[in-house]
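Dropping the structure in here first, questions after.
Going by the order they are written in, the chains are A, B and C; count residues from 1 in each one.
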Amino acid sequence: MNTANMKSRTWKKPPFIESPMLRWGLVVGGAFYLALAFGTMDVNWGRVADGIPRGQRFVSAFFPPDFVSRAGDIFDGILESLWITIISTVAGIAISIPVGLGAARNLSPRPVYLASRAILAISRTFPEIIIALFAVKLFGFGPFAGFIALSVGTVGFYGKLLAEDIEDMDPSQAEAVRATGAGWFQWLNYAVQPQVMPRMIGLGMYRLDINFRESAVVGIVGGGGIGATLLTSFDRYEFDSAAAILLVIIGIVMAVEYSSSYIRKWVQ
Amino acid sequence: MPVTETASDKLWKRRDRKTQLTVWGVQFVCLMIFVYCWSLVSEKTIWEFVYDAPRQAGDMASRMVPPAWDYMDKLWLAIWDTINIATLGTLMAVVMAFPIAFLAARNTTPSVVFVRPIALFIIVSSRSINSLLWALMLVTIIGPGVMAGVLAIGFRSIGFCAKLLYEAIEEIDTTQVEAVTATGASGPQILHYGIVPQILPAFAGISVFRWDINIRESTVLGLVGAGGIGLQLNASINNVAWTQVSLILLVILGTVIVSEWVSAKVRHAII
Amino acid sequence: MLRLVDLVKQYKTGDTALKGVNLEVPDGQVMALIGPSGAGKSTLIRCVNRLVEPTSGKISLNDMELTSLSQGQLRRARRRMGMIFQEYALVERLTVMENVLSGRLGYVPFWRSYFRKFPQSDIDEAFRLLARVGLDHMVDKRADELSGGQRQRVGICRALIQQPELLLVDEPTASLDPKTSRQIMRLIKELCEERKLSAIINIHDVLLAQMFAERIVGLQLGEIVYDGPPDGLTPDVLTQIYGEEDWEATIEKVDEDEEEDLDAAPKRAAGSE
């Protein structure tokens, strides 16, 4: 019956944003923003052009990289990065456990909750490198400053996730254990820990990975580790040593990632 | 077997002896590693400085107040640059991550043996190298400025976005793809009708998530000369202008909070 | 006519899902393929459009040998076979219309499908089909907003807009309630009659198979153990296909109860517009 009048029916894909005003507003606004952003970018094209041969030299420095001529510096720097990574991860996680417990709404009284959340917010906002900058001012040059910076970063990251995980846990299991008359620590041990443990071990490994990558940059502001060595090689345009360092970093990150996926499987 | 029967009793232990020993062994080794690392770090630390740090911190804090509010005039451009570095860098990363993710995902890669490892290596390299290191390299090569910052953020984010995206691609519902295949669609058509609609929400979420992180990271790129508010921070610290430093820290705090709010809103709107 | 000759499928895991199946489906025949889970029903129809590559044997559709086609030829051959899936397999984030039009992907070049610029004749046909199944008032709804029965009707439209010669239907009713199941089966049967299509319908439900198919093939462990008319399904035959059970209640002939007539749906929809 309606085949006749349907012959002329056309179809267009319904637009993602229905209101045409808003749609075109977004398009025009986006284009305007891009134009403005590129317009104010203030690029020194002459300098960029100079960079092309330098870039080629940098890329060719990877074939082959020079592990040898600064081998001692690279080795020491990498080891120092590893030490910093390990102790800051351990210390950061140790501190973030009480803070994370305090920041879980279903666990803590209001004042403790607010205080813990404030600690987490502060330690999360600033990038590790800024914390390192101040740590170097306070504790002097060297790995201790890097250790402090990465620990603070770890507390912010791990504490927040721990708190969220506890808030998401199954309340009926927690209730059941509480109903047995368990004390607070017993309750933590039997009701909370089994529920959050596997995921938190995984996240701990993930943080170890992040901390290693960060430990490679705190050296730029004097916080110890491989970063200082890398900065020196760039400053002296020793691209083949820089290439070697970068490859070592990539290799270690891959190793950590691989072993952490292995450990995660083992734990779960 | 944690339950053992003796003549009179049934004993229960949490773990049998071998597991228990392994657990203790692993714990002991971890402890030793920690202690060893700690001793190495502590060797290189001047403890007098550390003991003196609380006093120093108090001193520094007292010199930071009140923030030099009139310095704000000079910061607006730096904030604008910081936001641009994050936004343009994310844009660049997202555009490049999209094809790389398809090359890396097991179910869409043209070749598991040849193409996939290359894509995975690009992803790992990009992710392993901190954006500050990318910035350091790019400043050395193309010179200081906002462009080095944009590229640094872009290069760092390609791996991040591509990794999350290819994981999303590997988890798609295959029956939808099969249904499109069964109509006689060509390869590109299968991609566009069967796969892309499924990963689009993840793609949008990942982009916004990374943009939020990039705002935070682009505040420090100036430390190595790659533009943004980090330049001012570095300068003020070098000039020991602590009241300016505290203002810059407040501005960074504000920017980060606003960006977090914006990204939460946008993510809410898409998903 | 679809012809399978000595079709064998062995999966990489070692499971031999089909052990030399010989089958002929003449034009215009609606055939039900029954059998327990794991009998190889899905494998069989997936071999026909080569979503699963057969290990050996021959498949031909109207004298076109399907097993030896190149990729490009396979694409063209797939257009001639519409497929309907158990879990609907609609692309959930696309609209109803886009899902239906995706049935034309084998006919249009990439740029057309990319910009959603399908020929007007395809769009007319899509509207016609959607009206036929009573969904033409929902063209711009997203597929994940539909009920199960509505999704399956969209799936049917997607298969039919291909202008196929053969329908491959894999358990179309397994995720639907009993009433919707019957409506969908009746719709498939009517559409096959209208368009002179042949169909292979995999189905769990013996009763539905008997009600809507003119021929029943029973598959067990990759081998055909029954091939005949619906009323030849005696308890003995069912025992042979499915194993020992009390089958009397299952085969008892049911009266076709009065159901909502699907042909009424487009009128209602058009009226409410």
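Please note the rule applied: a contact is a pair of C-beta atoms (placed from the backbone, for glycine too) under 8 Å apart; a residue touches a chain by one contact, two chains touch by 3 or more.
Remember, it's a predicted structure, so these values are computed and weren't measured experimentally.
Asks: Work through the pairs of chains, note which ones touch, and then classify the graph as line, ring, star, complete or other.
Replies: Topology of touching chains reads as complete, every chain touching all others.
Asks: Name the chain pair with more contacting C-beta pairs, choosing from A-B and B-C.
Replies: So, comparing the two chain pairs, more contacts are at A-B.
Asks: Distance-wise, how many Å sit between the C-alpha centres of subunit B and subunit C, to the nearest whole number?
Replies: A distance of 48 Å separates the two centres.
Asks: Take the average of all CA coordinates in subunit A, do the same for subunit B, and state the distance between these two points in whole angstrom.
Replies: 4
Asks: Which subunit A residues reach two or more other chains?
Replies: In subunit A, nothing touches at least two other chains.
Asks: Scan subunit C for residues touching two or more other chains and write them down.
Replies: 98 - these are the residues of subunit C that touch more than one other chain.
Asks: Residue numbers of subunit A touching subunit B in their complex, please.
Replies: My answer: residues 33, 37-38, 40-44, 47-48, 50-51, 54-55, 58, 79-80, 82-84, 86-87, 90, 125-127, 129-130, 133-134, 137-140, 142-144, 147, 213-214, 216-217, 220-221, 224, 227, 230-231, 234, 237, 242, 246, 249-250, 253-254, 257.
Asks: Under the touch definition given earlier, write down the residues of subunit C that touch subunit A in their complex.
Replies: Those residues of subunit C that touch subunit A are 95, 97-98, 116, 120, 123-124, 126-128, 131, 139-140, 266-267, 270.
Asks: Residue numbers of subunit C touching subunit B in their complex, please.
Replies: Residues 49, 51, 75-79, 81-83, 85, 87, 89-94, 98, 102-107, 110, 113-114, 155, 158, 162, 168 of subunit C touch subunit B in their complex.
Asks: Provide the residue numbers of subunit B that touch subunit C in the complex, in ascending order.
Replies: 173, 175-176, 178-186, 188-189, 192-194, 197-198, 200-201
Asks: Considering the complex alone, what residue numbers of subunit B touch subunit A?
Replies: Residue positions touching the partner: 33-34, 37-38, 40-42, 44-46, 49-50, 53, 56-57, 60, 80-81, 84, 87-88, 124-125, 127-130, 132-133, 136-137, 140-143, 145-147, 150, 216-217, 219-220, 223-224, 233, 237, 249, 252-253, 256-257.
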